[in-house]
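Structure incoming, see below.
Think of it as A, B, C, D and E in the order they're written, each chain with its own count starting at 1.
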Amino acid sequence: MDALIGYFLYFLSLLSVGGIYALLALGLNVNWGFAGLFNAGIAGFAAVGAYTFSLLTTAESTFHYGGLGLPVVIGEIAAFLIAGIIAAVIGIICIRLRADYLAIATIGIAEIIKLIFKNEVELTNGPRGISKIPRTWEHFSEARYFSSQPLSWFGDSQSWQAFFDSLVNWWWQPLFAMTILFFVFVVYIMLEKARLSPWGRMMTAIRENEVAARAAGKNVTKRRVEAFIIGTMIMGLAGALLAQHLRFIEPTHTFDPSKMTFLVWVMLIAGGSGNNRGAIFGAFLIWFVWSASELFLNGFIDIIGNIFNGMDISMLKNRSGYLRMLLIGLVLQFVLQKYPKGILPERRPAASGE
Amino acid sequence: MWDSFGFEFVNYYFVPGLVLGCIYALGAIGITLTFGILRFANFAHGEIMMTGAFLTWTFLELSKLIFGFYFHPLIACIPSIFIAIAIALSVDRFFYKPFRDSPTIMIVMASFGMMLIIRSLVQVIWGPNQITFVKGIAKPNGILRDLSGSFDMMLLVPSKHVFIILGTVIIMLAFNYMLTKTRIGKAMRAVSDSPDLAKVTGIDVEQVIRATWYVGGFCAVMAGVFMAMDTQFIMSTMGFRMLLPMFAAAILGGIGRPFGAVLGGLVIGFAEELSAYPWFGNGPLLSPGYKSGVAFSILVVMLIFRPSGILKGRVF
Amino acid sequence: MVETLRVNNLKKTYGGLEAVRGISFGVEEGSIFGLIGPNGAGKTTTFNIVAGAEKPTEGTIILNGEDITGLSTDNLYKIGLVRTFQLSHEYAKMTALENLMVAASDQPGEKIFMNWFSPKSVADREKEVLGRALESLDFLGLTQVKNELAGNLSGGQKKLLELGRTMMTDAKLVLLDEPGAGVNPTLMLKIIEMIRKLNQERGYTFCIIEHDMDLIADLCEQVVVLAEGKILTEGTMDQVRVNEKVIDAYFGGDLA
Amino acid sequence: MKKTILTGIATAALAFSASAEVKVGNPMAVTGPIPDLVAPMVLAVDLAAQHVNEQGGLFSDGQKYTIVRADSGCDPTAAVDAVTKLVNVEQVSAIIGPVCSGATIAQAQSVTIPAGVVTLSVSASSPAISSLESGTDLVFRTAASDAFQGKALAELAIANGITDLAISYANDDYNAAIAAVFAANYEMLGGTITANEAHEPDKSSYRSEVATLGSGTNNLALFAYYGSSGITILRNSLETGAFDLFFGADGMAAQEVIDQIGAENLGNAFFTTSTSDQTTNAFGAWKAAAEAGNVPAADPFVPNSYDAAFMMALAIEKLGSGDRSGIASALRAIANGPGEVILPGEFAKAKSILAAGGSIHYVGASGPQDFFNNGDVAGFFSKNTVVDGAWSAEIIK
Amino acid sequence: MTSQSEIMSVSNLFAGYGETEILHGINLNVNDGEIVCVIGPNGAGKSTVLKAILGQINIRDGSINLADQDIVNTPTTEIIKKGISYVPQTNNVFVSLTVEENLEMGAWVNPEYTQKKLREMYELFPDLSEKRKQPAGSLSGGQRQMVAMAKALMVNAKILLLDEPTAGLSPKYRSEIFSTIKTINNNGVPILMVEQNAKQALGVSDRGYILVDGANRHTGSGIDLINDKEVARMFLGSRE
């Protein structure tokens, strides 16, 4: 029974993190799939969202600025907006750069953002990070929440405490996973609606033939910046959710570009850029492969050790983390060559002219 | 004892900046060549550099094992250059060539993938740990010190730096000779100018691409070995750490302009080292914590105000 | 007569090379105006400047009394100046119908937020746009290919589609860049017919640059001939044709 | 060949399904920024398990003490993912903690505290961990908080007559934290700090930094991992002559430093480590066991890693089962005494005492390991200097 | 016109880019010593014919023979080795290479005669001889065209393909280019050119083809085509 619950909880955690990556991939899809913007600064924008959220929602702290103890929802909205504002500034400056250039510029900007979070110790506690970040649902079981409004309207501290103590200790986990999936769903619905709308049509036109789009009265530059901002705002939201999931963030490793930016790119390209469903599918697929491969690899190495009896497998075991990275690289090469347009390729909506 | 160093700026800021610049410059040559000739940003370039350094270390150890003493790294790197070039060529053949006519993003993604694959292979084979490349402390080169001493100066430059700077100069001269005097070098410039025209002129573009990997691979290994000689250790993440500054150098100098890359490398190297110089007051100008931001900032500013680079390279 | 377009003393130099050296002309409202000249005469440069794709070195451009010099293409479109391209600029991976629908102006649905928060206004306008696009396709005789990807259309159909895009907005002035280029005679007649129909039924003002003399002769009341960046002569096509200078400049120098 | 493969799979499947074992999760940063520090720590954990299993295993039926390794990558995301798998899929009884403080904090808050699983960290030394939980008693560590070591180092510096110094610290969680504690204590004790700068780890050269820092003093307090920037800074300082006296904390006192820099250049360098009195029986026992098992006994956090894995086994033995909820109190019982003293490696002895209903008091390789209320240990620190080409430790507190 | 042996023939060629077909059955041939000119309105597929000959686009059907050898589906480099030289319309010199380097690149496929050929070219284009060390990008449009043609002649060309050699040039240069073309031809190189300046082009040509909408429309000798009423009306402007 414990084992079953365990697998269920692991599955929920896969869904949660997969959902967070799905949001990142959806944001990137707006950048790249819709508008053709090669944004390689995902980690930086997610960090902006995560830090905004954390500084606003954590309880007061002597380590870093903020700790305003604001409600989680406000933190999420703020993460969404601040990421957008920063993207607007960057977008206006950088948007005319094309393809690889934009990629290199955004990587650079993401690194600068990280350096700021790392060095402005007064603001962010620097590399020591921010901890005790509230997590949706679970945070209600903390006294500072249930003893204040609105929860205190429904009962006093003791009865709330007793209520939470009576629940299984993972009561919040399905709710948290569902919350993330809810965000994915809402963003998906909105983006899908946008994609099928005149806006999506216009973005496709701009991507297909910029000159003609301009001659048809479309302000190409403004639209590009707009797509950049919208995608980045979604990444900011994902950052806020990641901060909740981890409950602790620090600038160096949490937002490591090779595990965040590149992984999200792999997800989008594998899933199918331009296709929202592809972005979500790719995110879950690659995250499942990434996370579950640790379990399989260890078993696999054991089997190798048993086959070649006496072979020293401890080296392989200690380096299995690198084998996983190798695996992801090979998956990427396979998908690129086998499914150059992604597993779910982009499809324009069927014409509406009846 | 500190006050005795009259030549402080040159010894501790200028020469280190120059050395770093040389290493960046060599790496940036490969990047700018692939950017100019194959038209994509090769994210795996830093890994070739790192692999070259690891191979060189392996040959150093082999030399100790077989001959009983360590060769100089500049000798031990010769076989690793060939291996690294072979790696670069086979990566091109199997992972880049299928995307020659595809949108750029495909080949850039493929190079992302290669970056992960090469690095993790190195980590699986050699392990993730830091490996000592050369032991000990490099004392200032005596000849140079005495020589400069007779001019009332004090040049405290370790021999390894003399090697690196001279080596880079020699490679640059050889490279210049190749680009302006040899047939294949001219063809590389031609393809960089216009691949379409090169094709209809009858130039064997695939041969030129192979030559690009030869030159890029050679320069990358040299950069990796110089870097290893300077830091005296090697690590599997050294390539990625160098990648962004090298990109910055390539763009700064102007894409497709090898000498721009050299210039860009030097600028970035100097800027990084000099950002910590106490230009005003006693403290460093910029907190060293922001050091790696210097290259990125220069890069971003450059992209915005002069995307064609110092030497007016190509803008896509 | 009211002038829709007025070009005053237009000059354009490219790094020392003078492509256009002081051109002035006017286009009357409701007319079809022709701009002709040999290769390298500066037609395309003039055209590009009027269409907002390039900025003039000197000179002004007036549309309906308003100075529009230096406005970008997208802003010009919004005030009613529409252009086509010599080589068709279709959106290859979108259907013919969509190609036209994109061109409609004032689409609330192009503001992303409207799709989420005011779907009704989007749907209403979308219906109008669709109607107009279908009507335009019908007008051009392209109804049967409306759901084809534009990239798969024949050259002539693309050419018509190009014309169709100008019908998606209430244009004050339509600039046509060699509408007859690469078009067979049957299609040419059709295009001429379309342009005339648009001119007469909808009151569009046209400014055409063209190689093909017949098309110009058929359509244009007034013609300006450019050569070497300057106006060689202007007048009706009949006047222009017999002008010796024009014959010399246009039809080439000595035979080798 | 085919046959060997089949038998291989069969044995693997057998091993997989064997139920007579108690599993403990061991997320270690085997990848990430400090793999070289972690590699010997992994060996120490495995050595502890080997000792337990060789000496009769757990409980009366000799169940296997299994270490389930995972990669926490020094990265909160990876650590949370790895520990989620350990706790839920592998159903481990407890976690012998991640290496880095950030990863430890993240996995504790995100996974183990909500799941009611004990984390016993082997090297996370951030002061923030002391105040991580409120009343759950689920986070322990065998490495002392930097709050202690920073203070000890400051006192040591003053005692050695160092009145002025410059500080250079790597801008990561561990080094930034200990540098801050050190700076505060050193100034309080009357020392002068001429410059205090963070440096970005993993750069290829720090010459300009050391030149700038060195303009006011010849003494450098260096807080860095040797692998990412420490050795380079030492080397650059020695090459340029910017500093001639170096000291610092845990991250630097590794054999690799001597191998790379050369013992002859490190005459004026000392680094503190959180270790035990090397003259005690406990350390002697550990050193003998470590040497027999080919584990570098004095490398940073290696004894702490052994202690954690060994104490976890003792606690489970004491508890009599792998039940998660009882481990915290059992851990306190075997660590804080009173009872018969158990030294590293003496599992059989502990087992027989416990079986007889007695109580034990583990005195570890890295110190007595008496847990405070917040799960911290006091820790002993040693001053490490280079003697005969190896680090030699001298207890200071 | 020394002999009438056929150098190159294109028959019933269907070709295009990707899925789009542009050429719908083109026939043309070039005989030894001839200048043949292809004219037609924009978009008729003139330049596409040259690209098809060079193996740069998808050929659906038909054959292209060079000296009785079918060269369909041969890589561009091989085609050039076989003796087809090509001068594109724009972007036809390597701007950052010097004039001499440009010419050397032209000799890529058979480098052994480079020095001899260089001398020949400097004889043929004395202007270039003075500028041999200058980057081609610094030359004027007419001079660039000369460099481009010289570059193409650095191989032993069986036939020279010119894509609109006078496009964008002033009339003075135009005549110069046409007379150069004539000179090259007199030296024994057959030429197939695509032109916009129909009248002048037909003037120097032995024969001409007129393409419309990817298919042959008219064929005839240069003089005949100039004098043909319908052709004149279509392309030269009718002047009664």
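Before moving on, here are some points about what is shown:
Here is the rule we use: a residue touches a chain if its C-beta (ideal position, glycine included) is under 8 Å from a C-beta of that chain, and two chains touch if they have at least 3 such contacts.
Because the structure is predicted, anything quoted here is derived from the model rather than measured.
In summary, the chains found to touch both chain A and chain D are B.
Summarising the inter-chain layout, the chain whose CA centre lies farthest from the centre of chain B is C.
Taking the mean of the C-alpha atoms as each chain's centre, chain C and chain D sit 75 Å apart. Distance between chain centres (mean CA atoms), chain B to chain C: 52 Å.
Inter-chain centre distance (chain C to chain E, centres taken as mean C-alpha positions): 32 Å. With centres set at the average Cα position, the gap from chain B to chain E is 44 Å.
The multi-chain contact residues of chain E, meaning those touching 2 or more other chains, do not exist; every residue touches at most one other chain. For chain A, residues touching at least two other chains, in rising order: 115, 118-119, 319, 322, 324-325. Annotation for chain D: residues touching 2 or more other chains are 30-31, 33, 39, 171, 198, 200. In the complex of the two chains, the chain A residues touching chain D come out as 2-3, 5-7, 9-10, 13, 17, 63, 115, 118-119, 121, 126-129, 131-133, 135, 138, 169-170, 172-173, 242, 245-250, 252-254, 256, 259-260, 291, 294-295, 298-299, 302-304, 306-309, 314, 317-322, 324-325.
By the touch rule above, chain B contacts chain E in their complex via residues 183, 186-187, 189-190, 192-194, 196-205. Residues 32, 38, 93-94, 97-101, 103-105, 107-109, 111-112, 115, 118-119, 258, 262, 265-266, 269, 315-316, 319, 322-326, 328-330, 332-333, 336-337, 340 of chain A touch chain B in their complex. Across the interface of their complex, chain C is touched by residues 190, 193-194, 197-199, 201-202, 204-205, 208-209, 211-220, 226, 230, 348, 350-353 of chain A. Chain B makes touch with chain A in their complex at residues 35, 40-41, 95, 98-99, 102, 104-106, 108-110, 112-117, 119-121, 123-124, 127-128, 240, 244, 247-248, 251, 287, 289-290, 292-293, 295-297, 299-300, 303-304, 307, 315-316.
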